[in-house]
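Multiple structures follow.
In what comes next, chain A is part of two complexes: it sits with chain B in the first one and with chain C in the second one.
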Partner chain A sequence: MTKYIVQRVLQAIPLLIIVTIVVFTLSFAGGNPFAYLAQDPRATEQDRHLLNEKFGLNDPIPQQFVTWLIGDDWRMRDLDMDGEGETPGERLGILRGDFGQSISYRKPVATVFAERMPNTLILMVTQYVVTIVFALGIGILAAIKQYSWFDNIATGASFILFSMPVFLVALLLVQVFAVQCRELMKAIGGDVGICLPVQGMYDVRGDRSFGDLLRHLILPVASLAAISIAGYSRYIRSTMLEVINSDYIRTARSKGLPERRITFLHALKNASLPLVTIIALDIPFLFGGAVITETVFSWPGMGLAFINAVRPADPPLLMAFTVMTAVGVVLFQLIADVIYSWIDPRIRYN
Partner chain B sequence: MKRMSRFILVALVAVLALSMGISAAAQDENILVIGWEQEPPLLTPRSDLAFGAQLQNFYARGLWDWDVNREIFPIMVEEIPSPENGMVETLENGNTKVTYKLREGLLWSDGEAITSADCAFWHELTMDPTTGTFQRGSYVDVVESFEVIDDLSFSITYNVPFPDYTSQSTATCSYPEHVLRPALEADGTIDNSPYFTPDGVNAGATVGYGPYVISEWIVGDSIRFEANPNWDGQAPAFDVVITRFILDTAQMQNALSAGEIDVAFNFSNDFVEGYQAIDGVEVFGTPGVFGDALWMNYGNNTGPIADAMADKNVRIALVASIDRPTLAEQLVGPGTIIPKAWHPETYWPEDLGMIEYDPEMAAQLLDEAGWVDADGDGIREKDGVPLVISFFTTDAQLRGDFQIAIQEYWSAVGIGATLQPVPAAILFGSYLENGILSTGAFDVAIFALSASALSPYADAPEWFGCDGVPTAEDPNGSNGWGSCSPEYDALDLEVGRTVDPAARLELAQEAIREFVDEQFWHGLYLRQTWYAINTSAVDPATARDVGTLSSNYFNKIEFWAPPAA
Partner chain C sequence: MANATTASNVVKLDGRREKAESLLKITVRRFLRHRMAVIGLVTLSLIILFVSVGALFFTEQQANSTTLTAKYTPPGAEYPLGTDRLGRDILARSIYGGQISLMIGITAVAISITIGTAVGLVSGYFGGWIDSILMRFVEAMLAIPTLILLIVIQPAMIQNATTRINILGRELSVTVVAIVVIIGITSWLGLSRIVRSMVLSLKEQEFVAAARMVGASDTRIIFTHILPNCIAPIVVSATLGVGSAIVTETALGFLGFGVQEPTATWGNILSGARQFVDDYPWIWLAPGVLITLTVLSINFIGDGLRDALDPRSRQ
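And then the complex of A and B:
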């Protein structure tokens, strides 16, 4: 197993290099982040030069990539536009733990991530827990009660939700549970306080309590979870159906084992093997946040930071984002492989 | 299974009960919440951080400002310098000297006195480009010296006659020296000062002179301003103002509808009807400073129809074939103003005309220029070259709509068009980056180039002058459309040097006539700045006196008040 893990880690290195080169190249497709200053009469040529030099954008792109990797503290920068470098570079490069300076946020990328990551994890972990709990419940029940009214309703709802874009689900939920709810409460003289908030993590007029956070979590979590549950539950249903019709389950039943023990211990354990792959591949994306949902709900997380980094282009932030996700995918796929062998001892890695 | 279902059910009910049971904190404070469409990453005074600059209206006012009618009014100074009050002098060499007199008793929000030294400090920063990455404009080029006269008085001497001393390259006294000087001495730049950062704001490092103090910045969420006890102006009616960051335009509307915010502003025309439909919301608009226009490349054009674009009559035909008023009304909204010239309206000659929609005249002009549809394919051609316009704009929806509609109008008179919407960074890229405008790789483009709303001086050499066309040898010019009128250049230069207001107006009108006569710039519409206000939170009558210069929308926020009970 150790040999296998080392092999996988070594294989990941060229993969990560290729991913970073591709993304680095693509991140420049949007042009110079300070191009718009050319149309600003208040910005002089020197202002533009200084900004570009400060963020290393005057360098050729290959050199910028090298700087991103190993930093520029080994050379001088030309901030006074006299053609000669006089100011020492300050960047250390990602290989020395420096993700660089975000162009859109004007602060270290690591700081941007540190500010946003907790908010994203609150949203994404909550929605993931909700998704897994509901998807398991619905998927297992739908498999056990195949072709029942519950199964039919779950199947129909899954197809509808799975085919809807998340922003549409989000805006529909907002319309119903926030906007129209208030209209209705006003019309009938009810308490508008029961309606859900439209956006944000907290009510800016409120006390920023845990309960306030929960209220604000409901709609974004519901938007994300509704679609995920639709997909996951279908997957669980089909893998469960395969397993519960197999011989060893029939044997277990004939031995008189309780149905709950058969379902959750014998059937679910084997049915969850493919599920581990999906979960392992999804986990890295939890750290990246949900771009659309965070934007719609003004949730101050990684997804919102990513959107701000795309327009105008912010290569350091985009690169850090990509590397983080790529490393996460490699790492969690490796973890999934390890979990396979735990769930199914027949699996061996050589 | 049953036990698990019961547990999940109980947990869900508990979560819902806990969240529903939470009511807003007891509100003794009078709070105004403004929806803010973009969070500034820092408070640095840079043009790419426009939404940060607008926040200064709450906590860091300037020497003076302009009201809704663009009339100047004093804030930190006793009076606005002018030749009449003797505070603007023309020196023997013809250059301009402006004296400033701060009002007595001005205090920063931390209680320190505001003095001329604070203004001198910003002059020091501006003159040295390495002290911070903020726009300096022409200040470094035109300011010769800064002299502190006493604690409250100082003067700036320009190295040229400088009539725009109130709106450009003027003194700045909005930043406290006692807070920023230590950062400058430590780092050699103020860029890293906590003054501009969320952490600094939360630590109380952001000190200013305004009706409010910036007191809390929750990154990605909101900024909170509390009434400034050291403000000597009108006491604000709202104890607290909160700017709430909401990027999604539909959600901004929903948030106002749900009462989560009290004010939304700067939304596009498409949303006006939606806001008007919300119960208890009043919507009003003010004239903006940005206006999209058709820019015709007639002097920097190397494309196949360069000759056609160089022909003034063809350019007239191009615009005469478009029904601009109808387009503006349909695509932007009723009552939309179509600017007649790039320059501010206050300087337009009274008899300044605008080419009207006249497709017959357009066809005739094209015929006379030799562009005729000989092969019957619907597109005019000359010497085998079809009249197909390479038509660029950015990927903004409204501009795309204009592009498509204009293509239809042109088609009706036998002009083809290749529509090329591109990202702004590509359209506005520099010459060395192969930017479309800079390299002249277009025939016609739609975009907005911000003109000063206050000055008639266009800085012609860079933007419209014959020497401003970017080339491989000199890639820094901004005149990608290749306009070149020595008469206009000379007049504009005079406009930029004439301090006497009456003489300047006369020169400006003459310059504008020359500019319009080149027929390469044709306004499409002037944007309005829209406000939607919840009338149960704010008395709209108190909120209508807003700034109209795009960075000063809330420059009279202290006068905003709740409705009378």
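And then the complex of A and C:
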């Protein structure tokens, strides 16, 4: 096993090199992030040169790539435009844990991420737990009552949800549970406060309490979970069906075990094996947040930071975000494989 | 199911040999048996009818012209689906936007199918270091979530967004081409792996060995012996690909990174909706329903095709 893990880690290295080269090339091709200053009368040529020099944008492209990877603290930068370097570089490079300086946020990318990661995790972990609980329930029920009305409705609903863009689900939920609800409450003279909020994590003048956070979580979580549940429950249904029709379940049934015990102990145990892999493979996407959902609900997380970094261009943040996600994906692919062989002794990697 | 009418090459009692059904005929018959797929095909045809016949009632000029006195008009007699933030008719924009969205879906898939099939064929057939390099690249790209990859590529591709070009006699924003290319070059990864794995097993089979033995060139073997056998997954993935390309276009449009106005697409009609989540639901409702119906139909058709083309259930 150790040999397998080492082998996989070694295989991941060229993969990540390709990712970094591609991401770097793309964000470089996006143009100079300070180009917009050319139109700004307050910014002088010298200001622009200083900014470009500070962010290392005057260097040749390969050198910029090296700086991004391993930093520039061993050489001098020319900040006073006299053609000679006099200020030592300050960057350590992504390989030494320095994600660089975010241009749009005017602070280190690592700080931006540190501020936003908890918000994203609150949203994504809640969403994930809700998804798994509901998907398990719906998937199991649909499998043991195959072709019943429940199964048919679940199939139909998941087909529709699967074809809907995520923002459409979000907009519909907002319309029903916030906008129409408020209209209704105004019309019947009820309390508008029971309608759900749609912006941010807390009320602007609120007490930032846990209850306030929960209320703000409902709609973004629901719109994310609705689509994930559609996919997961289909998957659980099909693995459950496969197991339920196997010989050892028939054996369990014929020796007179209660149906409940067969479903939840014997069948679910084996049906959940492939599920573990799927869950592990989805974990890296939790950290990146949901770009679209965070945008709709102005949720101050990683996804929103990423979107805001596209225009005006903030290449350090974009690159750090993308590379971080890719590393996460590769890492959790390995973890998924390891867990799978660990919980299912029939699997051996050699 | 194996009665005299469905089985091929059956010698009837009176001695006549029944003609074998062609593969196309078998596929069509089995596709038509898939109820949801047929419903999907009908719905999709109706949507195509809507965006083509609808264009007879409105000019593109009307779809793009702004009437600031009539902005945010709710659906009513004059504007059946209401107007957007610049007073443009949502119905007219849904019609012309639909044409562009469907066109983006189909052309983007044409690009991605071409690249995906080519990479899969080359990688699987030649193997060795070409295979290693191509597949490492595919794996690396798969490690970046598609939406994030699209957004990172987008600024590199769209630099002078206001330029217009002339396509089929229509003035369109140059970003239409950019979006097609962006979606095309980011969505071939999965298909290349499917084709590669099919090629790997096909090239070991006797008919390929036989072809090689009689001196067929690599090109000939690839195009006349291997490629035709990979058609089933390519067709299915092309069909489903059109649906996901349309969703991708709308997601980009919604985020404001899609086709630039005034050219309408289903995606950028929705882009205004982001700022007005609370009010004016008609701005996103009509295009939203059209997108969902289109993608749903395409998914059903894809499912039907998958079943119809499955060689393991030839009935």
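For this structure, a couple of remarks:
Following the convention adopted for this analysis, the second predicted complex is superposed on the first by the 350 of 350 C-alpha atoms of A that agree within 3 Å, B and C clash if a C-alpha of one lies under 4 Å from a C-alpha of the other, contacts with A are read in each partner's own complex, and residues count from 1 in each chain.
Heads up, the rule we're going with is that contacts are C-beta pairs under 8 Å (C-beta built on N, C-alpha and C of every residue); 3 or more make two chains touch, one makes a residue touch a chain.
Predicted, not measured: the structure shown is a model, and the values here were computed from it.
When the two complexes are superposed, the chain touching more residues of chain A, out of chain B and chain C, is B. By the document's definition of touching, of the two partners only chain C reaches A:Leu168; chain B does not. Once the two complexes are overlaid on the shared chain, A:Gln46 sits against chain B while remaining clear of chain C. Once the two complexes are overlaid on the shared chain, A:Asp203 sits against chain B while remaining clear of chain C.
Looking at the shared chain after the overlay, A:Ala178 reaches both chain B and chain C. With both structures placed on the common chain, the touch criterion links A:Gly139 to neither chain B nor chain C. When the shared chain is aligned, chain C comes close enough to touch A:Val329, but chain B does not. In the superposition on chain A, A:Gly71 makes contact with neither chain B nor chain C.
In the superposed model, A:Gly301 makes contact with chain B only, not with chain C.
Common to the chain B and chain C interfaces on chain A are residues 30-31, 171, 174-175, 178-179, 198, 295-296, 307, 313. Chain C meets chain A in the complex at residues 136-137, 139-145, 147-149, 151-156, 159, 243, 247, 250-251, 254-255, 257, 270, 273-274, 277-279, 281, 284, 288, 291-292, 295-296, 299-300.
Across the complex, chain C is touched by residues 14-16, 18-19, 22-23, 26-27, 29-31, 159-160, 162-168, 171-172, 174-175, 178-179, 198, 285, 288, 291-292, 295-296, 306-307, 310-311, 313, 318, 321-322, 325-326, 329-330 of chain A. The residues of chain B lying in touch with chain A in their complex are 1, 5, 8, 15-16, 18-25, 27, 31, 33, 39, 41-42, 44, 47-48, 129-130, 133-138, 140, 191, 197, 218-222, 224, 242, 244-248, 250-251, 254-255, 257-260, 423-426, 428-430, 433, 435, 438, 447, 449-450, 452, 459, 463, 476, 478. Interface residues of chain A facing chain B in the complex, by the touch rule stated above, are 30-48, 50-51, 54, 79-80, 102, 104-107, 115-116, 119, 133, 137, 171, 174-175, 178-179, 182, 192-195, 197-207, 209-212, 214-215, 217-218, 260, 263-264, 295-301, 304-305, 307-308, 312-313.
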